[in-house]
Amino acid sequence: MSLVKIAGLHKHFGTNHVLKGIDLEVASGDVVALIGRSGSGKSTLLRTINGLETTDKGELVVDGTALHDGKGDLRALRQKVGMVFQQFNLFPHLTAGQNVMLAPTVVKGTPKAEAQDIAKEVLLKVGLSDKFDSYPDQLSGGQQQRVAIARALAMRPKVLLCDEITSALDPELVSEVLAVVRQLAAEGMTLIMVTHEMRFAREVGNKLIFMHHGRIHESGDPKTVFADPQTPELANFVGAVQPA
Amino acid sequence: MAYRFDFAPVFEQTGLLLSGAGFTLALTAVGAVLGIGLGVTGAVCRAWKLRPFDRLFGVYVEAIRNTPFLVQLFFIFFGLPALGVRMSEWQAAVLAMVINLGAYSTEIIRAGIQATPRGQIEAAESLALTRPQIFRHVVLRPALAKVWPALTSQVIIVMLGSAVCSQIATEELTFAANFIQSRNFRAFETYFVTTALYFAMALLIRQLLVQLGQRYVVGRTR
Amino acid sequence: MLVQFSTWDIVRNLLDAGKWTLALSLIAFVLGGIVGLAILFARIADNRVLQAATKAYIEIFQGTPLLMQLFIVFFGLSLVGIDVSPWLAAAAGLTLFTSAYLAEIWRGCVEAVPKGQWEASATLALTYPQQMRHVILPQALRIAIAPTVGFSVQVVKGTAVTSIIGFAELTKTGSMLANATFEPFLVFGLVAAGYFALCYPLSLYAKSLERKFHVAR
């Protein structure tokens, strides 16, 4: 039984057909890496999974909550799907702790004391229990991104979407964020990530999806797919991003 | 008994209204050209810190921006004759509009000039352009292009503000409206139509300045 | 019946009238702020009709002279049978004028909140009102302080126009004094100084707020 099921998904930006019939199933505990050139549709696909991008046609089901042709209960969907952004998007007027507590208290009506416990727990998980009262501008990029992960986790999502979450970081801060993701994967969290970190995708992922011109061009186990690309496009892409 | 609107007595005076509107547009045109010219001068003095003009323009800008246009107009028309400076109603109106727009556009254009990226000037210097050449080609044109929307809005504000020039009997649109309503006793209808005319003129000026800007300011720099 | 005015008499009369300028400015600013907030919420509401109506409201007030707005309020209110004093018309007219400008300034502040903040809060399943209340407005408020203080200068200056519908504030009193004393240069100079004394501190404050905000960012 798959946790995320996408069938016949289409999306246009004006006259530009960006998703041309996507079929995808993700099982609970899967770690999926979405790769491809810019403009291939990988980020758009990721953003449709929690309704940030509307779709024109097709079906999306996450843990029993469905969108048909882009219509359905968005808020129910979003409570099951967490998301972490390239630019962190922390709320600058709230402390790390308040960032994490906001959605549980406001959306789920969790009592404040309980939300505080949840916040402490998830901040501990990302290694920032001492930063509860820090504001985003007092944190490094890597720390901000870890708070953003904690903020998503506090909603107890079934799936976590990661949209190039290390691309805006200075090189020396990338590993602390990847370590958190690696740990989540080890704990059995279902992850779908758009990434340029090919080594990380191969090491942590159990499913690789190569997007090309709005379609899933090739997919499979990362280790075999990287070692033996079946299409010239993927071979080209892998060669370009990973010389040697 | 409910009031019955009657616009006919207003439309009978369409000619008068239109000539008033024409006068307002003429005042605005002269005020805009001279005012923006003054603004460029002031902005250059301020941005380049040309002593003592930068200070003088600084005082001028603050004095104008922190007092009402109507008071500036009264000061010019009623106050200056005490110093022997006498002028007609329309001259006073134009002078007040130029001085007012000059102050605001000094600040607007200065902001545009100071937003010029350092690298642009360094690139021009490395190509051996002289300082005036750099200013004209690399600084002023892009600065004007950047602030053109703000200047457009300011010209419209000055045009709308010129309604108070009726108080010194400049024969512009509001003066015409005052005259008409004193004759037909249809104050509401008269001012309603006049307001609509001002609104149309504001749209017209915006369109015109957007077109002019695209052709002569933005177009050549992009 | 010629009354002799000393310079001190002129100053005293102008100071007295200045209180009315100050009172009208405060009323217009506070009431305009309240109405403006309502306009703002309608302007950014998830409702096309409200959006279009408030957009038109703002464009009309920003696209017509304040003097015409005052005339229409003054003569319009008397048409519906309300006995309008210049004071009431001035307060009502300036309130509407202020509300339109503040609503537009504040809308700009709401739009200045980065798109990522909307996306992040949407992703956390917040509803539109929740996004507004907890994420967008607190940030927009910080952005709004400096331009709002800056606009208060326009309100103070706008009160001068109410002299034309007969409200005896600073400018009107100045005109009467200029006629009575035959010293227009002195009187209008003092009137201008009075406005400057009210407006310049506000301008300086707005500028310092703006600088502080840019450093904080």
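Labels A, B and C are assigned to the chains in the order they are written; within every chain, residues are numbered from 1.
In this section, a residue touches a chain if its C-beta (ideal position, glycine included) is under 8 Å from a C-beta of that chain, and two chains touch if they have at least 3 such contacts.
Please read all numbers here as calculations on a predicted model, not as lab measurements.
Central chain (C-alpha centroid nearest the global protein C-alpha centroid): C.
Of all chains, the one whose mean C-alpha position sits at the greatest distance from that of subunit C is A.
Taking A-C and B-C together, the pair of chains sharing more C-beta contacts is B-C. One inter-chain figure worth recording: subunit A and subunit B are separated by 53 Å, centre to centre, where each centre is the mean of the chain's CA atoms.
We define each chain's centre as the mean of its Cα atoms; on that basis subunit A and subunit C are separated by 47 Å. Averaged C-alpha coordinates put the centre of subunit B at 20 Å from the centre of subunit C. Listed in rising order, the residues of subunit C touching subunit A in the complex are 114, 116-117, 119-127, 130, 134-135, 138-139, 142.
Subunit C contributes residues 60, 63-69, 71-72, 75-76, 79-80, 153, 157-161, 163-164, 171, 174-175, 178, 183-185, 187-189, 191-192, 195-196, 199-200, 203 to its touches with subunit B in the complex. Listed in rising order, the residues of subunit B touching subunit C in the complex are 3, 62-63, 65-72, 74-75, 78-83, 156, 160-164, 166-167, 174, 187-188, 191-192, 194-195, 198-199, 202-203. Contacts from subunit A toward subunit C in the complex involve residues 50-52, 75, 78-79, 81-83, 85, 87, 89-93, 102-103, 106-107, 148, 151-152, 155.
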